[in-house]
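What follows is a set of structures to go through.
After this come two complexes, each holding subunit A, first together with subunit B and then together with subunit C.
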Partner chain A sequence: MRRDLVDPIRFAPILVMAIVFLLVAMAFFVSIGKPPVRTLLDMVLFAAGDAYSLSETLVKTAPILLCALATIVPARLGLVSVGAEGQLFVGAIFGTAVVLAFPNTPAAILLPSMLLAGMIGGALWGFIPGILRGRLDANETIVTLLLNYVGVLLVNALVFGPWKDPRNLGWPATVSFPLAATLSGFFGTRAHLGLVFGILAAIGFGVLFAISRWGRELAVLKGNAKVGQMIGLSFGRQAMLVMSLGGALGGLAGICEVAAIQGRLQPGISVGYGLTGFLVAWLSGHNPVVAIVVSVLIGGLIAAGDSLQLYAKVPAASAIILQGLLFATALAVGGLAQRWKAARG
Partner chain B sequence: MLGSWIAAALRSATPLLVVMVGETLTQRTGVINLGIEGEMLMGACCGFAAAVITGNPLLGLLAGAAAGAALSTVHAGLVLGARANQISCGLAVWMIGLGLTSYFGRTYVGGQVSPILPIGAYLPNAPAFVRGALDQITATAPFAIVLAIAAGVWLYRTRTGLNWRTVGESAEVARALGIRPTWVRFQSIVLGGLLAGLGGAILSVDYTQTWAQDITKGKGLVAVGLVIVARWNPYLAIPVALLFGLSETSVLKLQAGGMAISPSLLATLPYLFAIGVVVFAQAQGRRNAAMPADLTAIFRTR
Partner chain C sequence: MAIAASADKQPLIVMRGVCKRFGMVMANDAVDLDVFPGEVLALLGENGAGKSTLMRLLYGLYPPDTGRIEIDGRQVIFGSPRDAMAVGIGMVFQQFSLLPNLSVLENLLAASPRAPWWQGRRRPVMNDILVWLNRLAPKLDARRRVSDLAVGERQVVELAKVLNLDPRLVILDEPTSVLTPDETARLHGFVRHLAAEGKAVIFITHKIADVTSCADRVAVMRRGRLVEQGAATAKSSDDIVSAMVGRTVTSRATPVRLRSQVPRLQIIGLSTAAGHSNSPIRGLTLSVGGGEIVGVAGVVGNGQTALAEAIAGLMPLAAGEVTLDGVSLACLDSGLPPAISTIAYIPERPIDNAVVADLDVAANLELRRLRQRPFLGGSTGMDLAARLIAKYDVRPNNPRLAASSLSGGNLQKLVIARELSGAPDLLVACYPTMGLDLIAADSVRQRMFDHAARGCAVLWMSEDLDDLLQYAHRIAVLFDGRLVAVVPREQASRDRIGRLMAGIERQDHAA
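Now for the complex of A and B:
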């Protein structure tokens, strides 16, 4: 299990994977009546054709990278968390609560406390499945999947209820964030600090996993929990820790989306970034630094999907289909490469 | 009053029970399929579309079952053909199902189906004390219960059922007995997909009589969790599904009763209930005894 993460066989078939995916994607475009090559080229242009497109790609990269890390950190202990989506929403709630409670605080205090609160909220949403796994041995995959729906509903409950700004004329959203609580974009684009947080976190965790004692402890426990317990490591405690740390990153993704892109808390702050993050985590072999590159690529796919919707009238759902097809292609090619390698000994 | 609650719980539990029976059989052969969320969506969408086009709700249910089975072959191909990680494959299948139904289902939002008539309509002379219940439920509800019982009898009392259980406990032992584990698992995945699609179609064509994007809202994932609670036993799936249906019904009744609680907050209750029973069932530590042994390798990640 651990071996296949670092095995070069995972990286060798990437070319095959890319070619197969392009063919599958073109087949999909044909099936919806779009010119395949033209649409594909359009997507590349929409993702990276000019400075604006590139900046929009980076806008999508930020939450995807943070959500991927929210999956990767627990995965280093062998936990399969699919809870980034819920952590994103709960992080958004906690961060927004700070802004709504102290709207007149100067930015130097408000911004950091808002971000910290977002991380605490996400961490809490990760801690719950973490303690359930660590203490009661409850399957974290099921619990995180179901908690996602609860997180989304909690945001709805707040913005349709007590947090709704009556001046919105029925639109379910909070008041707009004050300037002091806004993450402004770089160089006049919408690309924001969330991307920097994601890259720093990816590098930080990459280094920790590679050289720290803690990274080795996780690897030992993942490889064999019994051996880990015998040398005095606690699986339960580490489960709570990695789930909370991952959750904090998911929560950060949420509050950054609210403070930088939406400008207020409302439903639909995420377009499935949590599940996309899981895909990225898997594609990057649970390597945080590789996840940076993969996040940019998938961010481009989603940004291009947005533009296709705008200019070529291709519904946004096509981006979800393409992600699913990419995931299936990668699983198929990766799995078959593994089998062939095993068969050749 | 009580009868109407039970009938409402049964109605709400019916799609879930059908999906659970399918996933139980799949997991019994040692394969977990989170993709039933996507297969359920395919069933709900295609079933609804077929019911709108043909005007026949039964054809809708059949089309839904076929659509779910079709999507499940993707899971089968990835899991059995490429031997890829089952959890990841399930999520990929879910993404594909969610994307396809969001894409192609757009035109059917707001569509009208002719409903399946309640059982009461066929039994005009039914006694008064069952009248209320019979007017609420359709034939899909007793069908789901019979299906669960039939699955149990088949699994525990027949030769092929024994073969399936053997594959789930040990593919190697099964192979030694001349059973082809991969073929059995292929059948169980497609059967699970068929029932997930049927459950989805019952949800859209019969229960809600609407189609909306992501209409299942995690019901397929709930089913995967509740299969653990029911200890991979089709008979136990009946009370477990009913309990979940009761939690959903209570939410609806509380809303209708004018509770001054946010409907979104109330809507979290069925999810919290599902999480609660999954945690309780696993904390009991029984799962190791009941869980198909070949499944533990996939489910337990440490």
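Now for the complex of A and C:
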């Protein structure tokens, strides 16, 4: 069971992966005419060089970590959810609805109810593919993929329509959140409570998966649903549960992003956090505690990409290209590691 | 006779000093084996004795570590089965390699080197391709889809596929384990026929009956070594068994005397839905008393799975009822079995149906108690695991090992250990001794009988008719999802059960 928390076998490939990725990244910088080592060092500085850079990294980390958990919880039952993005948007809608409905409530009531509503929205967006899988055996990957579009478009429909603030002139967005509904940053930075939620959730689920009866039950159902049925465990019920729990975390990512960073509901509240979270989940071997570390690293990569674009004049797409290269490297090294393991028997 | 013939004949295959090691296990240890044209060699041994490994070396699936293989006096080194086929070696595997979605003809075409690249031009080769099939099974329609065929029929197609390559040596890997007595007899006859045509046949088996009815020569393997060779006629079955096991064996397991006739398990008019399995149960009525052992005989695929799963509460009933001491065992609307802790269930193919391969041995042994564990904490299950591993001789003796690293036989023992460790009122056991060596099988039987002696009702599905004839109080025969007969042991004979299994004879019974 301890093995579940820290798996030493995983570290060797990760080291190889990191080295290969650095080489690939440097090759990429050369290809766009930038000095490779300088640019790489710049990236590190932009990600963690000072308090501001670090806080920007953590700003990106929060939604990535929550979206990674939204993928990991269903993955513990063997479900492949790619729905964190949609859950994030629907969570944002539900949370915003509370704020718009009761804008004058004191923070002590408004903040928790807003966060709770966001989680309920996300949970609903997870429950739909969960029940479709549990009852009708519909493929959860495809359902979550399609619900992502619905979630994003629902936000558009609202902010272009009924929720649009007329004072914004043409700009599609709701009114700004009142102070009572704002998640303020720590120490004057933008790093916010969402990160704390993410870390607490990661540790909580990490412990549950490792030592609780529920964690074992999920492992049984994932490994062999027939055996689970034999001892009285319902795959369908667990599918609904893990999809809803994961959805709640995705929804929390959404409402935190709106309440802490954007200050209002508008399109584009996520820059692909859902998909990034999915990849982080995969990179961390569906281990919630490992996902914390990986989320910080990827958050740094994205934050540094933004800064590089501003100061080092690298193309805007560089951060996304680097992300893509990282995952391609991880896939390749992971595949090789597995082959190596198999060859050694 | 074959020995006399082979004395002045050149051997077709010569294996000398062949070794193959897998990790710590010496699967083949300096094996010397000759195979002559026109003879049937029965290769015997318990599971894990190295028979299959030896044949896979010969078939080019992997190379030997040391030693050499000669064909016609020339040394060969196979890179793949393709090379082995090229020199005339064909093998029929236990797990068939047919494509279930295609017709028999298409399967034979796909395997034939003479198959045209374009479907439209297959007509000229079609007759060639069907020659062997027509000899083996003249009544089998080559247009049928393989998925619709019975197991015995599939085996015939598999054999035809190999014979189409015109091999000089045919290797059959435990071919009779899935056949009815009739089909087995037909196969034996056909194997003799192949030998008469000058082909060499290696017949892997662990059934003595296969040796006595069709082998010229016997080779026995034990722990990777070839321990015994000789003419089939010169060996008694006791010789062969003790060579396989390494010592003289007397069956320890003793059948229990039937004490009470009070029915515990009652199945009335049971039918299972066709959508849930390929061979549903139709209108089956049967009862099993306390302490009674009812054997279920039938060719694989005649409803055994549906029957076992319906009783275990895993498959919805279309009609009828299943009760244990009056309490319904039927699958609930949720698809889950009712919470009754007094049933032990050993399903077929434990690796697919009864173990979680990713979890460790201790977790698998603890599965039945998992739901009773507190949400957090609770025992690690290590004490229980250590006790059961020792008692049931699960190897290797390490509760921390992932179940996936155990061999099939040890996984079987693991499942049996878990299911038989309590005090069940009903035991449903599907092929519990399949794949176990003689001693382990004997001890499993004994434990089943112990439960029966306590008053447990036992429903025992077996592929081994001799087992049922020797130990079961009554034998129920399934054919095409129906119970065609329930025969008390005293009135049962191999022939009679065989005819019932094949659907030739029917008996109206009152169960």
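Basically, the second predicted complex is superposed on the first by the 334 of 345 C-alpha atoms of A that agree within 3 Å, B and C clash if a C-alpha of one lies under 4 Å from a C-alpha of the other, contacts with A are read in each partner's own complex, and residues count from 1 in each chain.
Going forward, a residue touches a chain if its C-beta (ideal position, glycine included) is under 8 Å from a C-beta of that chain, and two chains touch if they have at least 3 such contacts.
These numbers were taken from a predicted model, which means no experiment stands behind them.
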item: Clash or fit (per the criteria above) of subunit B with subunit C on subunit A; value: fit
item: After the two structures are overlaid on chain A, angle v-u-w for subunit B, subunit A, subunit C in degrees (C-alpha centres, nearest 10); value: 70
item: Which superposed partner A:Ile211 touches (first subunit B, second subunit C, both, neither); value: second
item: First (subunit B), second (subunit C), both or neither touched by A:Met230; value: second
item: Partner chain(s) touched by A:Val143 [first = subunit B, second = subunit C, both, neither]; value: first
item: Contacts of A:Val289 with subunit B and subunit C, given as first, second, both or neither; value: neither
item: Which of subunit B and subunit C A:Leu331 touches, first, second, both or neither; value: first
item: First, second, both or neither for A:Leu22, with subunit B first and subunit C second; value: neither
item: Which superposed partner A:Ala312 touches (first subunit B, second subunit C, both, neither); value: neither
item: Subunit C versus subunit B, contacts on subunit A by residue; value: B
item: Touched partner set for A:Ala219, first subunit B, second subunit C, both or neither; value: second
item: Smallest separation in angstrom, by C-alpha atoms, between subunit B and subunit C in the superposition; value: 5
item: Overlap of subunit C and subunit B interfaces on subunit A (superposed complexes); value: 222, 224
item: Touching residues (chain side subunit B, partner subunit A) in the complex; value: 34, 74, 77-78, 81-85, 87-89, 91-100, 102-103, 106, 217-218, 221-222, 224-225, 228, 262, 264-265, 267-268, 271-272, 274-275, 278-279, 282-283, 285, 299, 301-302
item: Subunit C-facing residues of subunit A, complex; value: 211-214, 216-217, 219-220, 222-224, 226-227, 229-234, 236-237, 345
item: Partner subunit A, residues of subunit C touching it in the complex; value: 22-23, 312, 314, 334-337, 339, 345, 347, 352-359, 363, 367-368, 370-371, 373-378
item: Subunit B-touching residues of subunit A, taken from the complex the two chains share; value: 32, 77-80, 82, 132, 136-139, 141-143, 145-150, 153-154, 156-157, 160-161, 221-222, 224-225, 235, 275, 278-279, 282, 315, 317-325, 327-328, 331-336, 338-339
